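Structures given as structure tokens follow.
What follows is chain A paired twice: with chain B in the first complex and chain C in the second.
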Partner chain A sequence: MYGLVACGLSLIFGVLRIINFAHGAVMMLGMYTTYWLFTLLKVDPYLSIVVTGPAFFVLGMVIQRTVIEPNRVAAEHNQLLLTLGLALFLENLALVLWQGDFRTVRPPYAGASFVLGEALVEVPRLVACGGAIVMALALFAFLRTTDVGKAIRALAEEPEGALLMGIDVGRIRAVAFGIGSGCVAVAGALVTPFFYVAPDVGESFNIMAFVVVVLGGMGNFVGALLGGFIVGLAESLGATLLPGSLKQLVVFALFVLVLLFRPAGLFGGGRGR
Partner chain B sequence: MGAEVLLGLALGALLLAPPFLPPYFLEILISVMLFGYLGAAWNILGGYAGQFSFGHAAYFGIGAYTSTLLFLNLGVTPWLGMLAGGVLAAAFGLFAGYLSFRYGLRGPYFSLVTLAFAEMLRVVAVNTKAVGSSLGLVIPNREPAAVNFIFAGKLPYYYVILAMALAAVWITRRLERSKLGYSLLAIRENEDAAEAAGVDALGMKLRAMALSSFLTALGGTFYAQYFAYIDPTITFGPSVSIQGLLQAIVGGAGTVLGPVVGAFVLTPVSELSRAAIRGRAGVDVMLYGVVLVLVISFLPHGLMGLRRGRGNPPRVPLQ
Partner chain C sequence: MSQLELAGVDVAYGDLPALTGVDLVVERGETLSVVGANGAGKTTMLRTISGLLRPRRGEVRFEGERIDRLPCHRVVERGVIHVPEGRKVFPSLTVRENLELGSYTRAARARRAESLERVFTLFTRLRERAGQAAGTLSGGEQQMLAIGRALMGLPRLLMLDEPSLGLAPIVVAEIFRTIAEINRAGTTVLLVEQNTRQALVLSRRGYVLENGRVVLVGTGAELLGNEHVRRAYLGM
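Showing the complex of A and B:
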């Protein structure tokens, strides 16, 4: 699951060279959208993806156009702070609008599960996992085959070259940010059947997504997906070996180690900058 | 010289007015000073050396926990505990700094590593019974005693934090004119060029790190003594780290007075918004987000940039 969140983050980083702190907040908004659609209009969480995906694609483009694009030339850390400001704003907007209560979406199949060998498989988690893989594959295919996808990859690899080849870089950047936001909103929709919804829920995913992205290599999707698996494994291993929430320690330790020794990711070539 | 007269007047007001202020305003002033102080501590590393730490909560928490644990378990006065916390935090800062700088982590990578270190300490604190786990620690027995850093009213706390903030500003001022200060600026502007010119970048950055984390830890002790309660989220959580850098960025990173100016603007904004919209948590932080985005978009040098008449110089990225 972290994989899909990380895919979006990775895309945004790859193309925009921005570490996006607001990613978790966008995911949180996606989860709230799913929640409200389910509670008020009885829309199935999985069905609501058709709404949240495109809606957050547009939202992402708007954010990129209005907030981030004007500051393209600012120093790198300022862009980091920009997304941090955005995250603070969105998260607390949610807190103001919907209070800090934990909310849950409980469709009829929320508790469904079956036994596979010795393991108990919960259906919603399986769907989320499958959804993440499908999304990642679709994204991969999109980037490989379509013109826009190719433009995005060109921009990620060689911004100036892309500009010289006549690619409308501003538009492509907005599209990339939009896709990243759409992805993470879909991820939010996919997890709501088995996860609580709260204003700060994105934060925990956000930090994990950073870990995943760094593990897999910034701007590398297959890496992001693999990184997601590694983090998931490390977390569950940590949970069985260590008491309480110490499992997070394992993940953070992994994170620091990878940052120190392989900043370009486990699968990236050599060292980052 | 008008600026110096103005500063003198402001300082006089800060020294003389508080005894006559109603308690509510005094509380706000204490917050302003604490945040200004934390901002100034962050500023040394973030503003001058250009190393954007997102994990200063680590040092804040170490300071708060060290002095409180020494006081509760061994009866050591927090005044001494404060120094112990500072030294410990500086040691941890040197450790984290050495690791990150040694392996060449720059820019956003450094920010992420510092964030990870702070989060690790938070997780450890939550899971350690000896430090009160997630319930935190309470400083009981509020018998006022100056020796134990426990005072009857709020006024003495105000003067303590005022002195700390002034000291931090003074240290920054000294730093700005020192060899270390110039080296840090050179590193911030272009680390490779600075090294080529013979600046010991690693050593200089580590010195800034130690100073910054030491000062931040003292702020942690002050917090613990003033509120008499600490827990892992309050002290090690990301919001402390964000508070410090926010003051400095909004006021003007890399300027002597920036962090304090930032605190004088941000804290009242948050207090006013909280007073205006009651019963809805989060409004103040939401406004922080807006202020942060606006300042970065329109005043990349913070409020101090206004005074220098270079509010929004175009910056060309080095590709």
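Showing the complex of A and C:
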């Protein structure tokens, strides 16, 4: 799950060279969209992906074109503040519109589970995990086989070379931001059957996504996916071995260790940036 | 009408002038080289033509139309293709993917298969290494890839920035032979080189750039015989 959130973030970082703090806020909006579609129109959360995915792809492109692109030449810390400000704006907008109440989406299968060996498997979590893997594979195939996907990879590693190939880099940047936003919105839709919805819900995912991205190596898509598995595993191990909310301790301890010994990320390879 | 014309072009980095009043003409089908020392403005000139830099003053016209206000990808669409200094291949993409991206524009994409075959015939080594990541190639092979990638874009004017840089003499000879071959097939070549002798031997005409100004223009043979060129650039 974290993998899919982080994939989008990594994609945006790789192509736009910005740290997108608004990523979690976009996820939150995706979760609210799922919530309202379910509550008002009785749309199944999983079915709503076909609406949220494309809608947030477009929304991401619009955000990139109107907010990020005009400030692309600004100093790096300004761009950080920009995405942070965007996150604050979106969160408070949600607070004004929908109050701070925790809301839940309860489709009939929300509590469904089955026993596998000694473990209790909750169906919604299994679906979310499978969905994330399918999305990630689709994204991977897109980056491998299509011209636009190849242009995204080219732009991430050699911007000037990409310009000289006749690639409209402004458009590619917008598409990358759109894909990142679409991915995280889909991730939001996938978790709503077992996770609460609130204006600040994106923040916890955001922090985890950053851990995952750094673990996997900044801008490395496959690394982000594998990093997601590692963090997810570390978190559940932590939950089993340590009391209560200490479970994240394991994740952050792992994070610090990786930063100390492999600062380029576990899968960062030799390409120093 | 000349294929490419620069008229009174000034380019500056901040307050630092890089090109001053540069006039240059490239005729269709010729090989033209621009020689000069490090920092003379050769690379700046190519970057200005391809739209990576904007001139402060003056005009760049390609086939009669101004291109100095166009974004880079529009210039490429017109067939002005620039092989940059340092090659700028995409290291983690395969050789084939690099070449495919060379034909990103609509017109070039329509003829991708045909162009790919042409490049593989010209550089047989690229065919052997098609599935390999470009970053694993040798310097000479990367230069071949950079040129091949440019050919995929169906250039009407091919601009090469220091293609011999950092390569062994035998590889340089091969690269120069290929450039001559590309030119014979009908593509105009604008070559920027520090390897003055080989560049001038290959070219019909040459320009000498010093401190951002054109100081000499002539045929390749004339410049090779010129006293100033011989002393400053050929070490005689």
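The definition used in the following text is that the second predicted complex is superposed on the first by the 267 of 273 C-alpha atoms of A that agree within 3 Å, B and C clash if a C-alpha of one lies under 4 Å from a C-alpha of the other, contacts with A are read in each partner's own complex, and residues count from 1 in each chain.
The definition used in the following text is that a contact is a pair of C-beta atoms (placed from the backbone, for glycine too) under 8 Å apart; a residue touches a chain by one contact, two chains touch by 3 or more.
This one's a predicted model, so the numbers in the text were calculated from it and none came from an experiment.
Engineer: Who does A:150 touch here: chain B (first), chain C (second), both, or neither?
Structural biologist: It touches chain C, and chain B stays clear.
Engineer: Touching A:160, do we find chain B (first), chain C (second), both, or neither?
Structural biologist: A:160 contacts both chain B and chain C.
Engineer: Based on the superposed arrangement, let me know which partner A:168 touches: chain B (first), chain C (second), both, or neither?
Structural biologist: second
Engineer: Going by the contact rule set out at the top, does A:80 touch chain B (first), chain C (second), both, or neither?
Structural biologist: First partner only, chain B.
Engineer: Which chain makes contact with more of the residues of chain A, chain B or else chain C?
Structural biologist: Touched residues of chain A are more numerous for B.
Engineer: With the two structures laid over each other on chain A, which partner does A:96 touch: chain B (first), chain C (second), both, or neither?
Structural biologist: Only chain B; A:96 stays clear of chain C.
Engineer: Go through the superposed model and pick first if A:70 touches only chain B, second if only chain C, both, or neither.
Structural biologist: A:70 sits against chain B, while chain C stays out of touch.
Engineer: Just to be sure I follow: which residues of chain A are touched by chain B in one complex and then by chain C in the other one?
Structural biologist: Residues common to the chain A contacts of chain C and of chain B are 160, 271, listed in rising order.
Engineer: Hey, which residues of chain A end up touching chain B in the complex?
Structural biologist: Residues 19, 67, 70-78, 80-82, 84-96, 99-100, 159-160, 199, 203, 207, 210, 214, 243-246, 248-249, 252-253, 255-256, 259-261, 263, 271-273 of chain A touch chain B in their complex.
Engineer: Once bound in the complex, which stretches of chain C touch chain A?
Structural biologist: The contact residues of chain C facing chain A are 50, 52, 71-73, 76-77, 81-84, 88-93, 97, 100-102, 104-105, 108-109, 149, 153.
Engineer: Which residues, counting only chain A, touch chain C once they are in their complex?
Structural biologist: Of all residues in chain A, those touching chain C are 147, 150-151, 153-154, 157-158, 160-169, 271.
Engineer: Quick one: in the complex, what on chain B touches chain A?
Structural biologist: Residues in contact with chain A: 50, 52, 99-100, 103-109, 111-113, 115-117, 119-120, 123-124, 126-127, 238, 242, 245, 249, 277, 280-283, 285-286, 288-293, 296-297, 300, 314-317, 319.
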